[in-house]
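There are two complexes below, and they share subunit A, which is joined by subunit B in the first and by subunit C in the second.
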Partner chain A sequence: MPPSHNIVIQYFSRVTPTVRHRLLFLLVGCALLLGYIFLQTSADDNSSFLAEVSRIPVYLAPVIIAGLGLTGIIFAGGIDLSISTIIVVAGTVFGILYDYGASPGVCFFGCWLTAVSLSSWNGLLVRCLGISPIIITLAGLQFYRGLALILADTLMPDFGGGLSIQQAAYQTPAKEYAGWILAVVVVAALVWEAYGKTFRSFLALGCSPQACRIAGLHPGRILQMSYLVGGLFLGVAAVLYVTNRQVIEPARMAMGFELSVIGAVVLGGTNIFGGEGTMLGTVLGALFLYLIGQAMLYAGVSEYWRTAIEGAVIVAVIGFDCALHRRRKLLDELR
Partner chain B sequence: MTPPTRVMRRFTSWHLLILPLLFVAELAVFAPISGVRFDSAEALGRSSRFYATDLITHAAPLIVLVVGMTAVLMTGGIDLSIGSMVALIAAVMATFDPGASFWWTAVPLGLLCGLGLGWFNGFLIARLDVPPIIATLGTLFLFRGLCEVRLGDQEFGTFYDVPGFAWFGGLSGSLLLITLVVALGGGWFFHSRLRRELLMLGGNRVAARYAGIPVFRRTTQVYTAMGGLAFVAAICFTARNGSVSATSFGGLELQVIVAVVLGGTRVEGGNGSIIGSVIGVLMITVLDEGLRSAEMFHADALPFKIQHLKYILMGALLVIGVWVNRPTNNSTG
Partner chain C sequence: MPRHVHNVMTTPILKLNGVAKSFSGVPALKPFSLELAAGSILGLVGENGAGKSTLIKLLSGLHQPNAGTITLGGRSLRFESPRAAIDAGIATIHQELEYAAQLTVAENLLLGESWPRSFFGGVNWRSLHDEAQERLRAFGIDLPTHATMDQLTAAEKQEVSIAGALSRDARLLILDEPTASLSEPEVRRLFGHLTKLQARGVAIIYVSHRLDEIFEITDRIAVLRDGDLIATHATAEVTAGQLVHDMVGRPLDQVYPRSRSGALGEVVLQLQSLTRAGMFRDISLDVRAGEIVGVAGLVGAGRSELARAIYGLYPADSGTMSLNGNTWKPRDAHAALRGGLVYIPEERKRQGLVLDHSLRESLSIGFAVIANRLGIVNRRRERDMVSAALTNYDIRATGPEQAIGTLSGGNQQKALIARWLERDPGMIILDEPTRGVDVGAKADIHAHIDRLAGAGKGVLFISSDLQELIGMSDRVLVMNRGTIETELSDERLTEHNVILAASGLPQTDAPATGH
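Moving on to the complex of A and B:
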């Protein structure tokens, strides 16, 4: 079959069947859940479907955008467990700049830049030390929280555990533009993935570092690059995460955020060991997890069940998928 | 009896000695801060006894968990769900009537619950072939969610009312559990065939299957054992804290993994030592205790809260420990 010039067909023919099936499942699942929520909201006078949909970006934007960054890193066979505490440091920098009277633009830029530089620092460490990325970023998870607390302690004399942001001007990105920022970033990421070479080189590295080296690519440089690219996304996610709240508490903020993001990425069909997956999957994965929680609320299930359902969905979907491919994998192994 | 030559060979590799040396150096720095006094032999004896009691009671639950986690990492797996698992087991036990009947209703049920949750992880990983990191990530959310469903927003502080339960939080209870788990369990494990089978499983799964090792059964057993140890740790924790809420023990899994990895076990599987992991836990506990006392006695020495240094030092310790311990010359590393 001659290669098609249609970019959408190209995009989907590049991914493996496993990922394609997962994308299909998530698309249908999200559509069904949205339909269910639509039916429930139209039956109920107190709630409107549009209001429900417009709430999605405010909750989901940080998860999806950080997820897009992490997807690139996981493509390349790395992982970043420290994204939550990088956001904490970025938030602390934001709070300190606010306290020193900087204008909103400077605050946002400082927050973004902090996240980008810490993520690239992770990449540099992974490349130079030759230790597994899990360990480096696990150490980062501890280190950056300490860094945030010490920064706040030293630079702000009256720091009492929380940095309070009162003016509305400093919260516009999350409160007013979350939907637009999310849309722009997602479209940009998908276009970059479809047309650009960067993410394909990440995938190549994830598939086989040896093959990469033989083909003339530089594995270390690509891995470091994946953390830098991940940082670009993470910075935006950090701005959206931080501006969504009035008080920034470095000791407690964003705990477990990295696990929700990894959950969304993995549910989207990205192979945790690298070399397989799509950006689109991550977006759909995060959306599916959120929508299923909302649909449960409309079905009359208590809010307390949300975390349990999130976990059950991850376990069930991936367990089912793995069980389907298990026989073939075993035979491959024993051949 | 181990022949002396074998022992010698184990220690001729110089980086096996680094970890104990690092620990001794750390102890030399933090013991005086934590109140160990060197004025006279008597003061030294008394203060170090206090210090050791403190260390052991704080380290006990972590040591118990670390033994299981080392075995899990040996097989090339990982268990991210233990924090939630401990919380869920504690939550199940907390809702029972805190009388004498607690001992024959809640405790066996907690043990059953621990084994069941561990078995569920093992089932996902061995039977359904889900990668361990994803399976246990999913169960992390699942168990935490069930814990929230069970407890809601309340905090259950019934454990102190159970007769004799607080004993497990004291020195003798902690020592008993540590002895049972590490000295007896770990000692048996070190010389057992099971250990070599697990190592082989982590080194090369296909080869292990060809060698006739029941891969699925061993994997399930390891995760089930991890669940059982999570139950023991839950008893330790609740006996000391006396209460449990829906957010308890978050981040415990990372603490345990830091300790195990610090002890020289590789996350890729195929090697691991329980003694190393125990030293890893002790290092973390010494650090924690030292900074806590420094906060109390020298609060104004630095322009920030000294306890916040804990995160920085723990991260740095992890990277340095692993970097020093990393395999250098051979192809297996």
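Moving on to the complex of A and C:
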């Protein structure tokens, strides 16, 4: 029998102790950072804690939502390094549709569909070519940015490296509904994770492709499915990312975005080699990284140092966590 | 011409006709034919590399045959995938346990099946766990279904794997070394279930290196050697000697050689009241030069945990150890090796070998003298030492550059032993050194162990194979629940007494069966 019929308790009972510790660590860490930001904003007449908090969804929604998609892919033992340039292509399609006078809804849908299609295409390539996902998507990282520039240059005669989005209606998702969209997507993802079989299949594949094969599952099909599911999330992230910008610049947009997303996923306790992790961890990982950055801002740390420290934080947190549980892991290994 | 062997029982459910398989032109299974009746148990034996695993993979859809036909229940089938084999009614328990370590027992049990759904379409976790619990209970297993697989012991994982396969409504059940991690009571339970399935008309193929099990559970025995079906025998009409002769192609005179003189030297290893919470407690023992001390016990009795503590993988909470009269407290494995103590671990693939490494790399990792102080390896010396090891330990490979993962289990084990013995250690701990090893390689390993003791080394020998333990050891310490229950030697050293002590029961005066 499961330890309880309560779905929340059941959810956490399915999470490995390592990940549970990480979730607790991040939860406490986020609370402390929020407390620090609260103290700083209270002491500063020009800042407001509520205003600070209300900005979180706008900045964080694309990272969290793309992270949720990538978490499923990493669960299954895959990875997608090209998520940033998929967003660039999706943004370019958005810009082209805008340039051709399409309605905001059509632009949003076109942007979303492009991201879903390219992520699914990555999944198809990984499955059919049998080449490591890291190689396929590393190639995609370069290829898709080039593709975006070619598309923009070919389909927009007056394209000069950037396209300005002037009308507010085309920025509604990010400017007005980012918080709601983020909340709905996160809740949907957690419910899907708690009640669905999909993410458990991804985890099973990440743990042991051979076990899945012997059990009669189709590893290639499951891995491809993880890219499709990841694409559904990435599409939403792309819409929020693109509609938060005044100018769409395929050559410069979303630089390093994939690293922020991977950082959040790994910090959240998801094993980069697959088979272990949670969606909730990714949400907390992204929030923790964001809050660290904001806390350093209030502490007066220079921008150069902030970037370096944010990278060091990922290593430090994971290293600290591993050190705490090294003894247990050693014993597990020896069982 | 394919060899034709017909099972004497009626209504064959499985027919293999001229089935063959080769890899890159090298035949793994030569054309052969075989029939298996419903409700019969066929034992499949042969040395490692004889083709048993290939045959199992053909039947379970992991490989496809190059020639021949497979007929199950009158229908000619070609299994393109394991799914197709499962759908056709074939359930397989593979030798290498494969499971999703981070998923729960319930999820692993029902992996590949449709999971119960709730009203809203999501997984009904309660029903899933109930279903899993029911399947486990049906086979007398009491495990928490919400535990993740990596929280279970090796024996429990094996039991879950067996319960998963047995609970499928299979017409043909294939078991490949299913008892490798099981203790005696668990083996009894498995055999009970197999007998019930047999009575229900399920055909069973049982693969094992343990001939006593083969003789106990099977109706007929098929022998494979070098990819060829050598013979099939009615179990009641064949002797172990004939079977071994068929398997190795030569008589095997000395399975448990004893060439050493029996004269014992000084105490090499001594433990006094060694305790580590949750693993073992109050362990006192000594091993003398030239002595083989066996350690028996059920799975989970604390034998391997004790060995690892002696090797320095974790410290004891209390008690003392001494090696050659000096206090022994190695900080880690490196310190243990430098101190002259070697440990050959239980799970050679996971804990002992890097499977992608070549045989040369795998061996020379333990050769301390091939590198100078700057760490630069003397290639000529390495080559010479590896060649000598291959010869001395009779490691059969295409050459020193063959990946060790592609060698048979017996040759992997011999390489693992050869790796460390160049250091000339005074004390050797062997943990299940012949598990999953064929009978020929087993005899070779036994001969090496005997020679080591003969050369004045102290040997602590852990094994679940009681015949082997009794045949090889000068005396046997029996562990139960983390403590040494008793020490058995001479006429008291019998399988009967070892089993009683391992189960925590007092010895009786039952007739000797082993020594």
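Please note the rule applied: the second predicted complex is superposed on the first by the 318 of 335 C-alpha atoms of A that agree within 3 Å, B and C clash if a C-alpha of one lies under 4 Å from a C-alpha of the other, contacts with A are read in each partner's own complex, and residues count from 1 in each chain.
Throughout what follows, a contact is a pair of C-beta atoms (placed from the backbone, for glycine too) under 8 Å apart; a residue touches a chain by one contact, two chains touch by 3 or more.
Not measured: the values here are computed from a predicted model.
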Touching A:Tyr304 in the superposition: subunit B (first), subunit C (second), both, neither?
-> first
Check the residue A:Thr16 against both partner chains and state whether it touches subunit B (first), subunit C (second), both, or neither.
-> second
Dominant toucher of subunit A (residue count), subunit B or subunit C = B
Based on the superposed arrangement, let me know which partner A:Leu24 touches: subunit B (first), subunit C (second), both, or neither?
-> neither
Using the touch definition from the top, say if A:Cys212 reaches subunit B (first), subunit C (second), both or neither.
-> second
Touching A:Gly263, do we find subunit B (first), subunit C (second), both, or neither?
-> first
Quick one: classify A:Ala183 as touching subunit B (first), subunit C (second), both or neither.
-> neither
Touching subunit B in one complex and subunit C in the other: list those residues of subunit A.
-> 334
Can you list the residues on subunit A that touch subunit C in the complex?
-> 1-3, 5, 7, 10, 13-14, 16, 191, 194-197, 200, 203-204, 207-208, 210-218, 275-276, 330-332, 334-335
Any idea which subunit A residues touch subunit B in the complex?
-> 81, 125, 129-132, 134-136, 138-147, 149-150, 153-154, 255-256, 259, 262-263, 266, 272-273, 302, 304-312, 314-315, 318-320, 322-323, 325-326, 329, 333-334
Touching residues on subunit B, where the partner in the complex is subunit A | 80, 124, 127-131, 133-135, 137-146, 148-149, 152, 205-206, 209, 250-251, 254, 257-258, 261, 266-268, 303-305, 308-316, 318-319, 322-323, 326
Note: in the complex, subunit C contacts subunit A through residues 60, 62, 81-83, 86-87, 92, 94, 98-104, 107-108, 111-112, 115, 118, 120, 122-123, 125-126, 129-130, 133, 145-146, 148, 150, 153-154, 305, 308, 313-314, 351
